[in-house]
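Letters are used for the chains, namely A, B and C, taken in the order the chains are written, and counting of residues starts over at 1 for each.
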Amino acid sequence: MAHVDRQQWDVVVVGAGGAGLRAAIEARERGARTAVICKSLFGKAHTVMAEGGIAASMANVNENDNWQVHFRDTMRGGKFLNQWRMAELHAREAPDRVWELETWGALFDRTADGRISQRNFGGHEYPRLAHVGDRTGLELIRTLQQKIVALQQEDFERTGDYESRLKVFQECTVTQVLKAHDRVAGAFCYARESGRFFVLEAPAVVLATGGIGKSFKVTSNSWEYTGDGHALALLVGASLVNMEFVQFHPTGMVWPPSVKGILVTESVRGDGGVLRNSEGKRFMFDYIPEVFKEKYAQTEEEGDRWYDDPDNNRRPPELLPRDEVARAINAEVKAGRGSPHGGVFLDVSTRMPAETIRRRLPSMYHQFKELADVDITAEAMEVGPTCHYVMGGVAVESETAAAVGVPGLFAAGEVAGGMHGSNRLGGNSLSDLLVFGRRAGAHAAEHAAVMDRRDEVPAEVIDAAAAEALAPFRAEDGAENPYALHQELQQTMNDLVGIIRREAEMAKALKRLAELRVRARRAGVEGHRQFNPGWHLALDLRNMLLVSECIALSALERTESRGGHTREDYPSMDRAWRPVNLVCRPVEPAPADPAAARIALVRQRTEPIRPDLLALFAKEELVKYLAEEELYE
Amino acid sequence: MSTYEARFKVWRGDGDGGGLKDFAVEVHDGEVVLDIIHRLQATQAPDLAVRWNCKAGKCGSCSAEINGRPRLLCMTRMSVFSREETVTVTPLRAFPVVRDLVTDVSFNYAKAREVPSFVPPKDLAAGEYRMQQIDVERSQEFRKCIECFLCQDTCHVVRDHEENKAAFAGPRFLMRVAELDMHPLDAAGEAGLDRKRAAQEEHGLGYCNITKCCTEVCPEGIRITDNALIPLKERAVDRKYDPLVWLGSKIRRRSEG
Amino acid sequence: MATGTDPADLATGRGGGVHEASRAAIAARHLRTDRWWLAPALTAAGLLAFVVYSTWRAFSNSDYYAAPYVSPFYSPCLAENCVPMKAGPNWEIFGSWWGLSPALLILIFPLGFRLTCYYYRKAYYRGFWASPPACAVAEPHRKYTGETRFPLVLQNIHRYFFYAALPVAGILTYDTVLAFRDASYAWGHAGLGTVVFLVNIVLIWAYTFSCHSCRHIVGGRLRHFSRHPVRYRLWGLVGRLNDHHMLLAWTSLFSVAFADFYVYLLATGTFDDPRIF
C-alpha cells in the first residue's frame, strides 16, 4: 500500500458548520492544537442555509422570557422525548452564546433601545430568535469563520505560521474514524482536489457533520448532508438514538421541479404569513391538536390580533410546531385541496405592504423572484413539506457531548441526538450548534490534554481504510452507476419512509435498502482520483445506506405517532412510548454478506426527568405526555 | 411542462490543459444551469468536476462563467437563453484551474487573513453591546456577502494582471475593511490600527479604478462600489490627502487632550 | 493606469492575465456573447462629442452672451476681455493681460470636477482606456497600477473640485435668476432660454449634490448616524440622488452644452428667443 501522510493533532473536528467551528474555537482557546476538516470550502457549510434565527431567551423584546420558558417550549416541541438535561443546558446557555458572537463581530438586527432584536417563531412562547433579516445562518457561519481567522492571526503573531495551532482542511472528507486500543486515535481522510489520502492522528475527534437529508428526494439539505457523522460513529462502535424522527419542514418550494424542496423560512409565518388551501380557507384552524388547544387562537380575528398584542391574544395556528403544520399541509393536499403544483398557498402579499416584505424577507423575495418567477409581494407562494432535519443522532452524554461507548469521540449539532426529542423547534438548531459545539470542543480538548500517551494508528488499519476508499475504481464489468443508486435510494426513502409512514411500506423499504447495499458494493467510477464527484458519491453511498437503514428500522419499531414520526396505522401519540428511546447499534462483527442487516435495534429507557424541571409544567399538561408509571413517580 | 435539447460547451481539463467539450443535453421547465451540469454528471460525464453546495444562491460555491460572464450556476435559469443558443460554461478565469469547473480559490482565503479582525471594545462585556439599527445597516449590507468570489474573479486588477495579486485584496476584502471601519463598536482605532490608511497602504485600494464590474456581478446585489469601495476611498482621502480634515483632527485632538 | 499597451501574447494562448499558465486554457480573450462593446462605444462617442464641442466653444471666445443669457461656459467671466454683461458675472480678477478665451479660466473647475468624478472615471477608463473595456473582457494592457501613482493618484482630490463646483453652480444659479429679464434688462420676464437655464441649473445642482464626495462629507464619514440625526437624513437624501449619479452626469452634461448652444444660436442671430411672458 502506498505511503499515507500522517499528521499529529490534539483535536480533530469533522465538519465546519456552526457546531464544528464553535467546537474548534473552544478547543483551540483551551490550548489544544486543532484541525478542522470539511467537505466544502471553508464558510460554505449548510449552516448558511439557516434563515430564521437563533433561539435564546435574552428577553430583549418580551421581558417575561427566561430559560425556564425556553426549556418548556423545547420540551413541548419535542413531545417530551428530549434528553432533558441537554434541553436544560441549551436553554440556560444559549443567551451567552449569542452575546459572545457580538464580541466576535456579529451584527444582529437591533431593537429600538439598541439590543439584539428577537422575532416570533413556531412553538416559542415569546419573541426569541436573534436574527439578521432572513440570513441568520450566514451571519453565524461568517462570524465563526472570522473568529477562526482572528485566532489564526494571533497564532501568526506568535509563531509566524497561521496554521500552527488551528488549521482548516477544506474540501477534504473523512471516510473512517480510526481506533487504537479501543479508543479514538484519528481519522482517515482524502483531499477532494487531489484524491490523496492522509491520516490525522488525534486522541479526540469531534463529529459535527450535520444531517442526513440527501437520503431523501425532496429535501432542503445540500449535497453534504449524507449522514457521514452518523455513519462514522456507527462504524466505530457508537450508537444512534431516535433515528425515526426526521423533521419535514412544512414549507419548501414545490415548483419548479428543479428547486423542489428548497426552504421557505418559517419567518414568513412568524411575520404574518398565512396558509390557505385551494378554496382560500385558512385551514390550520382545523388542525390544532388536543395538547395545544389552549395555546392557540381559535378564530382568525384573534390570531390576527396577536401580532400586535401578544399578551392578550393567542397565537395563530400557522405557528404550531413544524410537525403539526407539515402534517396538516400533507392532509390538505391529499384531500384534493392543494395548489396546482401539489402544495398549499403561503401568502404574505395580502398581509404586509410590499416594502415591508422586501425589507423583512429579502432573500425569500429574491429566491421566488429568481427561481420561480413569483413576486411574493403580489401573489401567494406554493409550498409543501420538505425533508429538513434529523432529530436523531449519535447518543451522547449531555454535559460533555461525548459519544456513548467510544472514548475520545464527541458529537455536536445535528449529528448528535437527544436534544430535540421527537421534533425540533425552529431557531433551536443554531443555538444547539453553539451550546453543544462549545461543550464538545471544551471536553475534547480536556480529553486530549489528559491523554499523555498518544496512540499510533496501526499501518494495517490505514491500509484497510485506503482499500475501502479505492474500491469503486476496481469495480468490474456491470458496475453500478452511483448517481443512479443515489436516486433510487432517495426515491425509496421519500416514498416509503417519508412524512406519513405505514408498516408494510417500511418493511419494503428495508428490503430495498438491502438490495441497494448489495448493488452499492459494485458501484464503479470513471476517471481518476482528482476531484472526481462520481467517486465521492460512491463513497458517500455507504453512509446514506447505513443511516437510511437506521431510520427505517426505528420507524418500523415505534408504533405511535410523535413529532417527526407519523404512522398512519398508529395515528396518535402513545404515552407509553414517552420514556422509550430506540437505539441503533452496529451488528458486531459486521456481517460479510452485504444483504444482511448491519444494524441492531435496542429499546432503552430514558432517564427520569428531574423533579424541579417537571415542576415547571402544570400537572394537567404532564398528564397528557408522561407515561402512566412516570406519573406515579 | 416542455422539454428540449440544449447545446452546451463545457470546459474540461486541468492545469496541464484542456478545452471546451460539446454536449447535447435535455432541459426541462424551470431548470437552472447547475441542473444541466448535474444531468451531464449523471448521464454523460460522471467525473465532471463542479463545486456546488446549497443550490439556492446562499452559499456561493457554484461560481463559474456562463457565456463569458461570471455567475452562480444555481441562480442562472435556462430560460434566459434562447433554445438555439449554445451555452458555454467555463471555470472562473482569474484563478488557477484545478479540474473542469473547479478552480483554486485559495487567493481569497489568503487575503481574508490579511485583514485584521474585529477589535472588541475593552470596556464592554458580552451582552452589554448597544447599537442602533441605522448604525449597523451599512456593515450589514456587506455581511450579506456569500463569498462566491465572483467579484474577485471579474475584477480586472487581478483577472488581467496576475502580478497584482500580491498587492491587491480585491473587492470582497476591501469591502470587509469597509465593513469593519463602519462597525459602530470596532475598537481598532484604540488598538492603534488605522483601517482607512491600511486600506490604501496595505490592501491596495488605489488599484481599484471603480469600473463597477464587482457590483455588476454580485449575486446578492450588494452595491460594492458605491457603498463600500468609494466610501473607503473617501475615508482614505480623509487620512492621507485632505489637509483640512487632517488639520481639523489635529486641532480637535489637542483641545480634547 | 496602464503604463504599457502591448497586447498580451495572444497567439500562444499563454500570456498574462486570463492566459496565465495556471488558469484554464482558453484562447479567447473573453467568451461573452452579448453586445458588451456597445456601452463603452456609446460612452466614448458621447464623451468625445462633448469634448469636441466644448473645446470649440471654449476657445472660440465669441457668441457667448445674448442678453439676458450668458453661456454657462463663460460664467463667471474673469478677464477684462469679457463682453460686458449688465449685472452679469463680470469679475475682472485677471485684468487685461489675459488674452485667451476667458472660458478657459473658469472651465478648469467644472472640468476638474467631472474629470475626477467617480462616475466619469469609470466611463472613460472603460470607454477610452479599455481598462477594462467591459466586465470579464480582457484588457489590452500588459501592466496596470490603477490609481496608486502619479498622475492618477490625483483623482483623490475630487472633493476639492466638489468644493469648487459649489460656487460655480451658485453663479450659474445667479445667471438663471438674471434670465428672468428680457433683452432690455427689465425684470419679470421669461423666454424659452429661461426654461433651458432652469432645467440646466436643476440638473447641475442635482449632479453636484449626488457626488460621492458630497455623500461622504455630509454623513458618510460618520461612524454613528444615530448621534447625528440631521446629517443622517442629509446622507440619505444625497444617497438617493447618488443612486442616479450616472444619469445626472449625462443629463447635466447635455443640458450645460445645450444651454451654451442655445446662447450661441441667439448670439449669432440664428434663432430668436421665444418669449413666454
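Basically, contacts are C-beta pairs under 8 Å (C-beta built on N, C-alpha and C of every residue); 3 or more make two chains touch, one makes a residue touch a chain.
Molecules present, by chain and UniProt name: A = Succinate dehydrogenase flavoprotein subunit; B = Fumarate reductase iron-sulfur subunit; C = Integral membrane protein.
Everything numeric here is computed off the predicted structure, so don't read it as measured data.
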Please name the chain that ends up farthest from chain C (Integral membrane protein) once chain centres are defined by their CA atoms averaged. A
Innermost chain by mean C-alpha position: B
For chain A and chain C (Integral membrane protein), what's the span in angstrom between their mean Cα positions? 56
Need the CA-centroid distance for the pair chain A / chain B, whole Å please. 29
Rounded Å distance between chain B and chain C (Integral membrane protein), as computed from the means of their C-alpha atoms: 31
Among the residues of chain B, which are close enough to touch at least two other chains? 132
Chain A residues within the chain B interface of the complex: 40-44, 46, 48-49, 58, 95-96, 99-100, 102-105, 107, 109-110, 113-115, 117, 132-133, 135, 137-139, 142, 146-147, 149-150, 152-153, 156, 162, 193, 222-224, 255-259, 262-263, 363, 366-367, 370-372, 481-484, 487, 525-528, 530-535
Considering only the defined contacts, which chain C (Integral membrane protein) positions touch chain B in the complex? 1, 16-18, 20, 22-26, 30-34, 118, 121-122, 125-126, 131-132, 135-139, 141, 143-149, 152-153, 156-159, 212-213, 215-216, 220-221, 223-226, 232, 242-243
In the complex of these two chains, what residues of chain B are touching chain C (Integral membrane protein)? 11, 13, 15, 17-20, 65, 67-70, 85, 88, 90-91, 93-97, 103, 132, 134-135, 153-154, 156-157, 159-164, 182, 184, 204, 206-213, 216-217, 226, 230-231, 233-238, 240-242
As the complex stands, chain B meets chain A at residues 14, 28-32, 35, 41-42, 46-61, 75, 77, 98-100, 102, 104-105, 109, 112-113, 116-118, 120, 124, 126-127, 129-133, 136, 139-140, 143-147, 180, 183, 186, 221
